[in-house]
Amino acid sequence: MFEAKIDANVLRECIEAITAVVDEGKLRITEDGFKLRAVDPANVAMISFDLQSDAFDEFRFAAKEAEAGGEAEAAAESQVETEIGMDFVKLLRILGIGRREEVELELDEHAQKLFTRMGSLSYTISLLDPSSLRKEPKVPELEFPVRVIIETEEFRRTIRAAEKIGDHIALGVDEELFFMEAEGEMDKLRLELRKEQLIYLTPGTLYSLYTLDYIAAMSKGMSHAENITLNLGKDYPLQIEFEMAEGKGKVGYLLAPRIESE
Amino acid sequence: MFEAKIDANVLRECIEAITAVVDEGKLRITEDGFKLRAVDPANVAMISFDLQSDAFDEFRFAAKEAEAGGEAEAAAESQVETEIGMDFVKLLRILGIGRREEVELELDEHAQKLFTRMGSLSYTISLLDPSSLRKEPKVPELEFPVRVIIETEEFRRTIRAAEKIGDHIALGVDEELFFMEAEGEMDKLRLELRKEQLIYLTPGTLYSLYTLDYIAAMSKGMSHAENITLNLGKDYPLQIEFEMAEGKGKVGYLLAPRIESE
Amino acid sequence: MFEAKIDANVLRECIEAITAVVDEGKLRITEDGFKLRAVDPANVAMISFDLQSDAFDEFRFAAKEAEAGGEAEAAAESQVETEIGMDFVKLLRILGIGRREEVELELDEHAQKLFTRMGSLSYTISLLDPSSLRKEPKVPELEFPVRVIIETEEFRRTIRAAEKIGDHIALGVDEELFFMEAEGEMDKLRLELRKEQLIYLTPGTLYSLYTLDYIAAMSKGMSHAENITLNLGKDYPLQIEFEMAEGKGKVGYLLAPRIESE
């Protein structure tokens, strides 16, 4: 059993963060909220998404097993979860229909449908068969020597500019300087921010190269966050973390580096 | 002889209501104003449009015959009319050119041209040969068991949502409930409004199915009206009525039902 | 040596005026500012562009020769200039990236690169080889019997309207009346402004026909000027002049007439 109410804007921002990486995936619902771990079809990018139940105006969840069980199982309820196959692109389209109001969600597990209601308008969306979806990835254990916290808009604007130049971008630090650099056939774009122009920076000397397409997509997904955290290494994956829903939602993107062929 | 002045916005809204159904047609001008009855090329939708002469800032009309005649004919003047073949799409494009000001219209029947002037910009539009246009349809006599008056925006938003789902929509009432329902391959959209959420509702139990393309076009034509009246039956045409120009313009759309094949 | 700072908006408006006629060209930099004379690839339109050095917040220029020379050459410094091959379309795209702030320009003549900086974002643009660019045209000596000064927006709106009608437009005067007239297959558009509706008019009786595509492009380039001066003759080129950057920038467009075939 799952029933919830949430601000339509909050839910839309969350789904936008997800669709930056995947169109569909297995969403896990527990007493604690929503959870998603998914990789993009090319295995280059991963998203970790968590939305706490208190980000919802109402949130009622009880796992199927627990409903059937007795008191003994009731204690184990918080461990159990329901996994649904969700077409996030479709859900986003639906959320774009309503006025900016509250949306009600209600899961019908037997029929494998999610019932959504915005005001007098209701929408029944068929769930995807979880067995048809990719397996949830194992999140790799990574250690990032450098962390940079930057205003989202500064980062996004540089990505938009870089898209006009080439197809990849370098992100790195040079002592107390953070830089983003894109090179085209004839032109070069470079953003340089000193430690004091950033919210946080671990000094160091390293950089990695990434495919712009992926970062550009992620850049759309983060548009509602004020700041983002970049975790960096040398020729190492990029991790981008940010919060949504007043800190009750957390998104982590992971992007494989592009190795320069010399 | 026909000469008139009218607020460019008012005229544009009227023409937008017409182009929702037909691109061109025979516009009848009488002492009382403008009148149009036309069906779309597929014979699925019909528009009735009337704009009273007092919706104009100035309106001077005299039928050709009357001009030539003596006093005896003068009494019959209000009966006579001039029919012009109008390309409404072109007229709409012209009205989009000017600033939001008054537009002057002047008919040259001999040359078969309509002269329009907005400020210092004038535009001479050649009329279409009425004999090349479809005959004016006979408006069928229909009796609608159910009438619903609804806020235009609520209706339009549901139509926009339904367009993302499928290609047809059901409109109906279920006791004191008005509903609109669209079904796609996997998803279902439903708007439900109780009598007290509507401006008016005749209770009943019936519905009809309509092709969304047509309703979507009509939905654009009604965008400047606050409320619309829906006249409904069981597997019956849909009539949509609304007012423009502060009640001095009236539009009626008629749309054939789509019969479900079972 | 060339280094300068300028309001990004001012520079963008200037480059927009240039790209209305050419995508690339030889920009001449002197102590007095920027200068460009260029014709479009079809040899139908020409632009003369001048931006005074005091339109810049900072402007430092010294020609290469002068740097190497002694005191004797220093006196001749203001005569010398540096010519750079510029891709204006690319520069415009870069200026669109930044926030609306100041842009710094720095020329590296040896590397043939222009370094631009907007805040923390820097962009290095490779210059074009001047020998690959068209020779600077000789500006013809013309005498225009008629001059009209008109509000830019009135002119632009008429051009936009005319584009919907046909592919050429007549500009002329008829005694104390200025007119613009476009004719399509069935329709005709005409703007008429009396002397008192204009800022200036030389009375006369003449007109010329021009290709709309070119005027429409120029019309975009002038969008930031309040008024434009039209210099006209009978079957004669059209000269359009306007100012930018608070009078410190001057643009002149020249467009060959279209001769009516009879």
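Letters A, B and C mark the chains in the order given here, with residues in each chain numbered from 1 onward.
What we mean here is this: a residue touches a chain if its C-beta (ideal position, glycine included) is under 8 Å from a C-beta of that chain, and two chains touch if they have at least 3 such contacts.
This structure is a prediction, so every number in the text was calculated from the model and none was measured.
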Copies chain A and chain C touch via same or different residues, half shared test: different
Equivalent-chain rotation between chain B and chain A, CA atoms, steps of 5 degrees: 120
Cα-centroid distance, chain A relative to chain C, in whole angstrom: 47
Multi-partner residues of chain A (each touching 2 or more other chains): none
Chain C to chain B touching residues, read off their complex: 154, 157-158, 160-161, 164, 186-193, 197
Chain A residues touching chain B - in the complex, by the definition given at the top: 90, 93-94, 97, 99, 120-126
